[in-house]
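Below is the structure I would like to discuss, written out as structure tokens.
We just call them A, B, C and D in the order they show up, numbering each chain from 1.
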Amino acid sequence: MSTASSIRETRTVVCVDPHSEPLSQKNIHNRWHPDIPPVASVAEGEVFKVECCDFTGNHIVNDDVADDVLEWDWHRDHHLSGPIQVENAQPGDALAIDILDVQPFPNRLWGFSLIDPGLGALDQPHTRVAKTIWDFDGVMTSSRHIKGVSFCGRPHCGVIGTAPSQKLLQTWVSREDALNDRYRIHGVECAQMPAERGAYVGQDLPDDVLSRIKTNGARTKPAREHGGNIDSASLTRGSRIYLPVFVPGAILSVGDLHFSEGDGEPTCAIEMAGIATLRCKVIRNGVAKLGLRAPMVVSSPAEPLYRDQLVFHGLSVDRNGVQQRSDLTTGFVEAASNAMEYLEKFGYSHEQAYSLMATAPTEARVLAVPNIPNANVSLGLPTKIFDFDILPTEDGPQASDRGSVAYLTPDREKRFLAERKIGESPFKRPQ
Amino acid sequence: MSTASSIRETRTVVCVDPHSEPLSQKNIHNRWHPDIPPVASVAEGEVFKVECCDFTGNHIVNDDVADDVLEWDWHRDHHLSGPIQVENAQPGDALAIDILDVQPFPNRLWGFSLIDPGLGALDQPHTRVAKTIWDFDGVMTSSRHIKGVSFCGRPHCGVIGTAPSQKLLQTWVSREDALNDRYRIHGVECAQMPAERGAYVGQDLPDDVLSRIKTNGARTKPAREHGGNIDSASLTRGSRIYLPVFVPGAILSVGDLHFSEGDGEPTCAIEMAGIATLRCKVIRNGVAKLGLRAPMVVSSPAEPLYRDQLVFHGLSVDRNGVQQRSDLTTGFVEAASNAMEYLEKFGYSHEQAYSLMATAPTEARVLAVPNIPNANVSLGLPTKIFDFDILPTEDGPQASDRGSVAYLTPDREKRFLAERKIGESPFKRPQ
Amino acid sequence: MSTASSIRETRTVVCVDPHSEPLSQKNIHNRWHPDIPPVASVAEGEVFKVECCDFTGNHIVNDDVADDVLEWDWHRDHHLSGPIQVENAQPGDALAIDILDVQPFPNRLWGFSLIDPGLGALDQPHTRVAKTIWDFDGVMTSSRHIKGVSFCGRPHCGVIGTAPSQKLLQTWVSREDALNDRYRIHGVECAQMPAERGAYVGQDLPDDVLSRIKTNGARTKPAREHGGNIDSASLTRGSRIYLPVFVPGAILSVGDLHFSEGDGEPTCAIEMAGIATLRCKVIRNGVAKLGLRAPMVVSSPAEPLYRDQLVFHGLSVDRNGVQQRSDLTTGFVEAASNAMEYLEKFGYSHEQAYSLMATAPTEARVLAVPNIPNANVSLGLPTKIFDFDILPTEDGPQASDRGSVAYLTPDREKRFLAERKIGESPFKRPQ
Amino acid sequence: MSTASSIRETRTVVCVDPHSEPLSQKNIHNRWHPDIPPVASVAEGEVFKVECCDFTGNHIVNDDVADDVLEWDWHRDHHLSGPIQVENAQPGDALAIDILDVQPFPNRLWGFSLIDPGLGALDQPHTRVAKTIWDFDGVMTSSRHIKGVSFCGRPHCGVIGTAPSQKLLQTWVSREDALNDRYRIHGVECAQMPAERGAYVGQDLPDDVLSRIKTNGARTKPAREHGGNIDSASLTRGSRIYLPVFVPGAILSVGDLHFSEGDGEPTCAIEMAGIATLRCKVIRNGVAKLGLRAPMVVSSPAEPLYRDQLVFHGLSVDRNGVQQRSDLTTGFVEAASNAMEYLEKFGYSHEQAYSLMATAPTEARVLAVPNIPNANVSLGLPTKIFDFDILPTEDGPQASDRGSVAYLTPDREKRFLAERKIGESPFKRPQ
């Protein structure tokens, strides 16, 4: 009976199909480049929705073996939605984006976290390829692969960014190439350079444009000054992010949705396909006014609060007992590794504990940076997400059956172990 | 009229005088060494108080010039109180310490933060020697040197640690020496090695013992597996810390009290002299039971909560535009520098903003570590601590008079600039 | 490409149409009676969805006049969905219901709050009939009828309850009738008794059964020991409620969804049509085990937290200066009235302020009850929901244009004022 | 070595002796009257300390029998400190008082809670006279009389108020007398009228002045528009309260310090002697500007946050099954009684559970007021304050030994039961 003409509609400005092959979908791309034309346009103040595939473009299957993890080509991440033009936004402006909601697709109420040795921050020599599937029950999630744990999500867009100008793109490529140069002698790839392999733009574009984008487009792995792969759980619904505008129309891309993420995201968060509800406002000359060198965020009153934590600490001494130079990355790795070993005492496997570090609502905080040679990091594990008491007791932790993550099929694992390249992982901190 | 015999008394087991020269005080020491005898003993479950000088041993004066900063010999930190023997604690046990309270001395209701270029995490070439004095008004603090800001403290012991065994001490020295060796070629001191200069133990000890402690005692600058200079604001009243025991009686030392501290403590927190109220419990064989490789902490329901934050981000690209290899330390420095530049737009000086980074209840969190080449860090600035609105607006920040920190007297500053050693600061991250 | 067989589906067990006349819809009823047959059945542990009309059954229109408020027959509330049978639940058991999510219909992203003088807790002689429409933008809401305000919702089911047994139903009717008897001399209806007027059950039932339900079914206005109209904003997603079971299968009904509600809900909350996602667990003999005399709730870590509040107080002295006997109801009315008067100083109308009391995330707390003759109540207004500073300043509040609520059309208002019955409102506290 | 002249001193402007008889102490009074001269004066902006006896004036002893409870004459409460003149405050101004700290005396680290049947909100016919002693360990408290519980305090001044003008005093007396008149027929004292019995002002005053104060001074039991016995745990350190000024100099009195208090304070909070640290600011004509009819409070970021709660509900049906007219007071009583019965299932006695309702950091919130005939109230019990899990489980609560409160000596109890007046308690809600 509601007949009012004043009802506001929420437009879905970008549609994708989370159940079909991404490489035939129009609204998807996986590189940053100023020549990717917008697929939609929104007005200032308009509330709009953007549908997103998971970062793998629907590659990962909801089952109990992890073979699909190895079949995934990391050159293909992230399958982003858009880009979207924001009316009136001009270079030098700041774009204020209200993150009004982030939800999974109603008919795809699950997500996944992957462990792919060599690509995460907490890999050990014995770390196995693994996958955990997470079911979404309203605001809560739990996994059949990790017993005894459930928690509220902090759904967010892992990636949200504006298009770089041609000049900025060049800056990115140059400085990252220079980094790779400095480390080439060690045989380490410190940054992923533009590569046609895996590159995709789902639009009918002239060949030369398409080729330019694929050949020169910046990779989406890192966050940069335009936003990008920020991977911040605090960017959950109710928050606002300020991004600089580099090209007319801002040309916004969104993707890599997470249902939940642990601070530091040492391996995959809970990755999902879903829908972001957004609203943009333009602050004229905002880059200069606000001094916007990197994204700024206004926190959300709706961010779930797990107040009670068991907090682990990590110093700049690595697991081999080697003193590293005052270094927060080592600190984070050590704090998380300490938390993992503690959880393993309750019966969790290494891979379960690892997955929890990347998915549960942990809080990793930077402690005293100048206290050479140990810059430490704390990692708070919320006590309430476990259905048993994890606080230290007289008797210490007692092990129980906690189920199992999905691993490779035996043959596949054998092959993987035989083939694996020994070597430093690309993300690892410098020595 | 209260005549009950059942009233529990709280013993002050370690006394110091926060108004007099520390080098004649019995209960103070500034090195870690197993041969420092306990000056007091406490029972399990007993509530006790420990008085502490500020980390400089009362060197810094409550006035409006910063010359005393340069007169301070950093080889003398930290003036710790104790050590204290905990009855029944044995090597291999875990010591659970309830941090029941941390308060300034009632007749010394002020603290200080220092900026000494070369020693902090956010130094710029133009950073000046500076000092801010903070007045304590109950749970609140504010500074005549930084207008427009006041906040609740998170009082805590910057340093709390058990004595190392002889073997652990040797491990520390070896691994830190090895680090220095690796970097000697760059002319950088990455760790402070044992040094007689500035060493102090306020007890009448045989000459050989005293000499051994001074010559071999570990420096107190970094946190290590025994606790030590953890500098965590979450270790405030109401929290509990678990430390490993390495020698009979645990032999606990406490000091470096802070009224408040920003995450990362890029330069001095609000340093104060004061009183810690503690209670210890022993978990038999707790090191093995809990897998205690570094301190564990149970968070406090009493930690002040500043829910609303303006959050800055920092990537692994430094202020010169150079891409660093994925590195949280750069990320922290950049996030904090971005916050500082934003505050400077409101009229705060570089030194005021710097001091706020180390003193205000900021929250620095580790974001996506494996996103090479940019591991980012967020730094949340609580909006409510300012008496004006710091959130971004259409017009951007407006500058106002915000007062001034204490600087060097002009002559002293001239001399300082002439003499200053150009070079990398000892804490700085590796390249 | 997702082909897994292990994907859990979330069944919608009760469907309604939020856009059509409720009195022809099968799954709706508006009385409590043990003879209403279940329309669906769920298993223990199953996640399921229940669609709900707003409490008026889609009567209220999204427009800018309030005439529909007067056309609504309060004998028709609440249009509940269900009832739903929970397998294995038996009388004496406790039903643990996880509130996994509560969302508006995706194509009906708005709600309303009504003011109907005589029915609210804060009515003044000059209170006008009014309506405010609230738009839902993801987790946030704002109203074109009240400028300067927006906030995160705390979506919840206002009504959730199990079916009464025949005996319990009789107890309800008897005790409420006795109350009416005691007050009949004052001409006040203290409780709404069963009434055929407005009664509805959307099922094909034998005439005698239908007649029995309509004649004897308990009204849904109050909460009772089975749950019912609890109207608690804390019952938001992520929480769990324990309800007693009185009949086989528990026979659960749900409705009266709110997007947000102020404590005390002095007039309508933000009423909406929407979808609840639930999961039930049965605790055998839980009523006796837990001593379950009224609903118990486990709070949600996802409840939005507005930490900073401006808190008003109310004593047991009414607005006429008459000292009431120590009474929390007067205290609540006074605290909320004080908050309203304060808001009016900023330019809000009486009706805007009134609507905010029932819709914004306020926190009303009970203070010292035995302090005769004044039992006071505090009402905390979150400061952050306003886009201006509401804290007291030297100059006091400054009035601005805050828009206008929807009122009656002039003719209708004239008629209303002419016809209105002067008299005490039915909810009012005793004298 | 600190020699600065700029150190601010915190003056203690009112001293009391918490260990001696209050009736010979100069700075104490226990009535509100404009003719009580100030004993001290403070400047605007000055931080100052006020020492306070507990509300009984040191009558209650730290021991394990409760006989002293019955020896206490309730006509003597509350022993307030002051009054204190605030320079420049004029009638019509608002006084903004920062509650900077509230602490127990360092040599009196304990408090008490009393149960005196007839005076509390949750009395049952079988409620016994009882006392619990609480030890203060820094910010934490626990009681040897109630095992298994400890929590952070929310220290606050139960009483803080400005002096009434002669006219306001007359208003108070008139309206409270009128209330008593209305209920005299029921033999119930609804308000305590001025009475010389127990009245005390510790100053050398002319006989006629002293007599006037004692004969006409308002009782301190209730909160009133000037503040007074607000008993709000949210008024803890870090908060600010706005009070109206009725006489020149504001003439502020403070007392009834609590270490902790449960919402509703159904019987004594944790009463203590201690020291309040305050700072006052004057808002000229603040009463009119702010519409200050009752105290306004700005919440504290330092208020401890116990986020996880088990929440009980109370309707307007009393424990005898009688339906009361929609009434929050019944709701509070029922919610708290339900919580108590639940706790008793764990082995707590009625008196232990009762004491917890008044001392633990509970949160009692007002739910739907107009839902006749049941206005309900929720009472959230923080789960973390117990050293065992209080959440509902399959098996329900298990009883354990929880110790015992202090009761009367057997002879005294026999005498008490023989003499006790049967009758309604004075605070009870109207029928």
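Just so it is clear, a contact is a pair of C-beta atoms (placed from the backbone, for glycine too) under 8 Å apart; a residue touches a chain by one contact, two chains touch by 3 or more.
These numbers were taken from a predicted model, which means no experiment stands behind them.
Any chain bridging subunit B and subunit C, meaning touching each of them, is among A, D; the list is complete.
Greatest centre-to-centre distance from subunit B is found for C, with centres as Cα means. Averaged C-alpha coordinates put the centre of subunit A at 39 Å from the centre of subunit C. One finds 33 Å separating the Cα centroids of subunit C and subunit D.
Counting only residues that touch two or more partner chains, subunit C has 301, 305-308, 384. Considering their complex, residues 1-8, 10, 19-21, 47, 58-59, 61-64, 98-101, 108-110, 133, 135, 137-140, 144, 151-152, 237-238, 277, 279, 300-302, 304-306, 382, 384 of subunit C touch subunit A. Within the complex formed with subunit D, the residues of subunit A that make contact are 305-308, 384, 389. Subunit D makes touch with subunit C in their complex at residues 94, 96, 119-121, 171, 175-176, 178-179, 183, 190-192, 221-225, 229-232, 234, 242, 263-267, 283-284, 286, 288-291, 293-299, 301, 307-315, 317, 321-329, 331-335, 338, 341-342, 345, 363-378, 380, 391-392, 394-397, 426-431.
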